[in-house]
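Encoded as structure tokens, the structure appears first; notes follow it.
Letters A, B and C mark the chains in the order given here, with residues in each chain numbered from 1 onward.
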């Protein structure tokens, strides 16, 4: 399509508006594409359609009330959002979290990672046209939602952590349910792989699509699987251990080519590593309280801190400033991994075809609730 | 008079109704089969096991508001779904559904050529629909459709040449009879051609994994983005009618039409107790199921990859197949 | 203090610059949250925090190794150093930012190749009201550092997109939310708010209740609502 056309024909570029109501922009992402035939010459990524001002709201809420707002950012991984926020405040107040609470937090965060990756896998495969994987992945995600419902009563926005620990201990028998789920999940991963990993069409659609070198990925601030897909060893769980990750053994899968296929393989491997972490967490679960010693009125001393955790999407950071006097943060800032990954979309899609645009939106795994906050 | 006009007209009326009804049930079958593949139930609300969904859907589509975009080319916009559906139905004129003369409307001596020519008209419906909508996504879809048509039409037609060489006739009935005489389905004689036609058939009917002109994840529905109501339903009918056509053609050409398996082996003669049309529909059903199964399993090809597959893989193989067939024909 | 005029605000955003009294009320937002919000006058509201704590490191706190090289290479760039709950922060002058960024990225013992986050904090009472904060990370050395630049209203700060391409959107967001001007940024547009939005929402003097339109249409109504007792009063 990109050949030189004869001057008789009009060869204008076609500007096409993808989103915000497009089936595969995963929410309300809008991309203005400039096309030559079907090849993308330039793109402008427009965000902000569900900007709810969570940062501004949080600056006017109680320290505890904010946990509720963090749920609404990455709504497919609410527990990791809670975790990141609570840990940041704990760091600011230098609160010791009981070991049992840290273990349960880790298990919850890893369950959440599996749930989030399930959703990613389903929608990513759907974007490329493999519709069955979508329902298979959702089937397993449903079980995780059930587990969360058992734990905290909610299925999507959990509000499942508190500053200093957890609101609840795990219910009796919950750990066995999680173990059973781990076994089931392990048996389901080959099912996804069978449909995709060695599928010729899948390989053609993902290999060599959206290649980004490790150096570029670091420069662009990519995080999480897109960064590891380019072979950069960067996992907050390993580099700056939080919760109980320093006590567990797990591997960080790395890609070599930095293409969509590598990112896919990495996330599939993360399923397995998450299961491994959950098992270790359940087996080594210490006894004890789940709530640390926290002052009745949470009011950190004046100061500021930045704390990051590894959310399913990448490095989720919170930058919080306390003025030491109010029961709300003076400045509450989220470093959303999806936002930073989405920034890498434009360099990725330029030069590719329209069909690849949806592949690449899928591969960087954005949740617009988190991008816009 | 009765022989030449009334009976064919009756046949046409019966066939047309049969095709349209089976198309509505095809949609139900597709939904059900895909649902089972995806560990869910599919439509369950309308009638027992959702059987009446097949009737509810057309009623819904007929009652829906029929919108024509203001900037659309009105005439072409209306004409496009008709152009798309009519060829798909016309083709049934030469498809022999059974051994008896009762089961086909006519047997013309260029039946296969007729099918190839008429089915290619159908894609104009898609191209025109995309163009007449005066909208960007449908336009991209119509470009894709025309590219796809050119790549696959050639490959499929070339492949069919080798079948024609083997059979020595273009008549659909003649081809089945040739298979009866040789005692082997051409699927065994021409396995390469069989696979090529099957792949090409998928591409020609715009079915997954070659459903680029639709590609709802990329082009938000492609050529029928701007269509609604009955006009959309016509496209829908055309797609499924085309599926049935391709299944029928593949059955006739490679699976011996209405013949029982291994027509030369007398030990299996008891299979002849089953009427010929049941054999035909059984085989056709296998292909229809295959189409649905593929849709549930495979991701979608990208447009340039599809072109590459067409031009760099299928056409060379098709040409090679003609050469081999020709040599074999001369030598044997 | 509460009625202190916000210099420069009027020129930049006409809407929130309208009713000065409302703005003054909104200014000490963070401190005023629990108690003194309902009535503007009777009790003197606690003073709005004048700036971040920026606690200096304890004398026996071991400094990161790259600090020495940094001070040597760019004398005077390290205006102030702060250490709090394990995070090091260096405050640098805006003029030296680009040099500092280039140095930190290139230096072997620092090698801050990853720009995690860029954000800002607004301290309205302070003359240089904005703190632009750069959270840096080194994927090789695996350590973190925060850079902080103090900036007044209307001043601009050099963009670091040439050093870390990641800064592109992050700086756009800071511009969108705070109105901090980044000179040399390739594409400084609003990112989260609509293109035609007036004002910069994350500033402390931007009203929380209701959008800017509400304020513009009936400032008195807005004031009245604002002064109603807060239902969600805690304590």
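What we mean here is this: a contact is a pair of C-beta atoms (placed from the backbone, for glycine too) under 8 Å apart; a residue touches a chain by one contact, two chains touch by 3 or more.
Given the structure is predicted, the values throughout are model-derived calculations rather than measurements.
Student: Report the most central chain, judged by the distance from each chain's C-alpha mean to the global C-alpha mean.
Tutor: A
Student: Centre to centre, using CA atoms, which chain is the farthest one from subunit B?
Tutor: Farthest from subunit B by mean C-alpha position: C.
Student: Provide the C-alpha centroid distance between subunit A and subunit C, rounded to the nearest whole angstrom.
Tutor: So the centroids are 26 Å from each other.
Student: Just the number, please: Cα centre separation of subunit B and subunit C in whole Å.
Tutor: That pair's centroid distance is 64 Å.
Student: Quick check: how many Å separate the C-alpha centres of subunit A and subunit B?
Tutor: Their C-alpha centroids are separated by 43 Å.
Student: Give the list of subunit C residues in touch with subunit A in this complex.
Tutor: By the definition above, subunit C touches subunit A via 29-34, 46, 49, 52-53, 55, 84-87, 89, 113-117, 119, 121-122, 133, 135, 139, 142, 144, 146, 164-170, 173, 177, 190-194, 201-202, 206, 208, 234-235.
Student: Where on subunit B does subunit A make contact in their complex?
Tutor: On the subunit B side, the touching residues are 34, 37-40, 136-137, 139-140, 143-144, 208-209, 211-212, 215-220, 295-305.
Student: Going by the contact rule set out above, which residues of subunit A touch subunit B in the complex?
Tutor: Those in contact with subunit B are residues 14, 16-17, 22-24, 35, 37-38, 125-132, 134-136, 139, 195-196, 199, 201-202, 204-205, 353-358.
Student: Which residues of subunit A touch subunit C in the complex?
Tutor: Going by the criterion above, the answer is residues 47-48, 51, 53, 55-57, 59-60, 62, 91-92, 94, 216, 218-221, 232-234, 239-240, 297, 301-306, 308, 315, 317, 319, 321, 323-331, 333, 335, 339-340, 342-343, 372-373.
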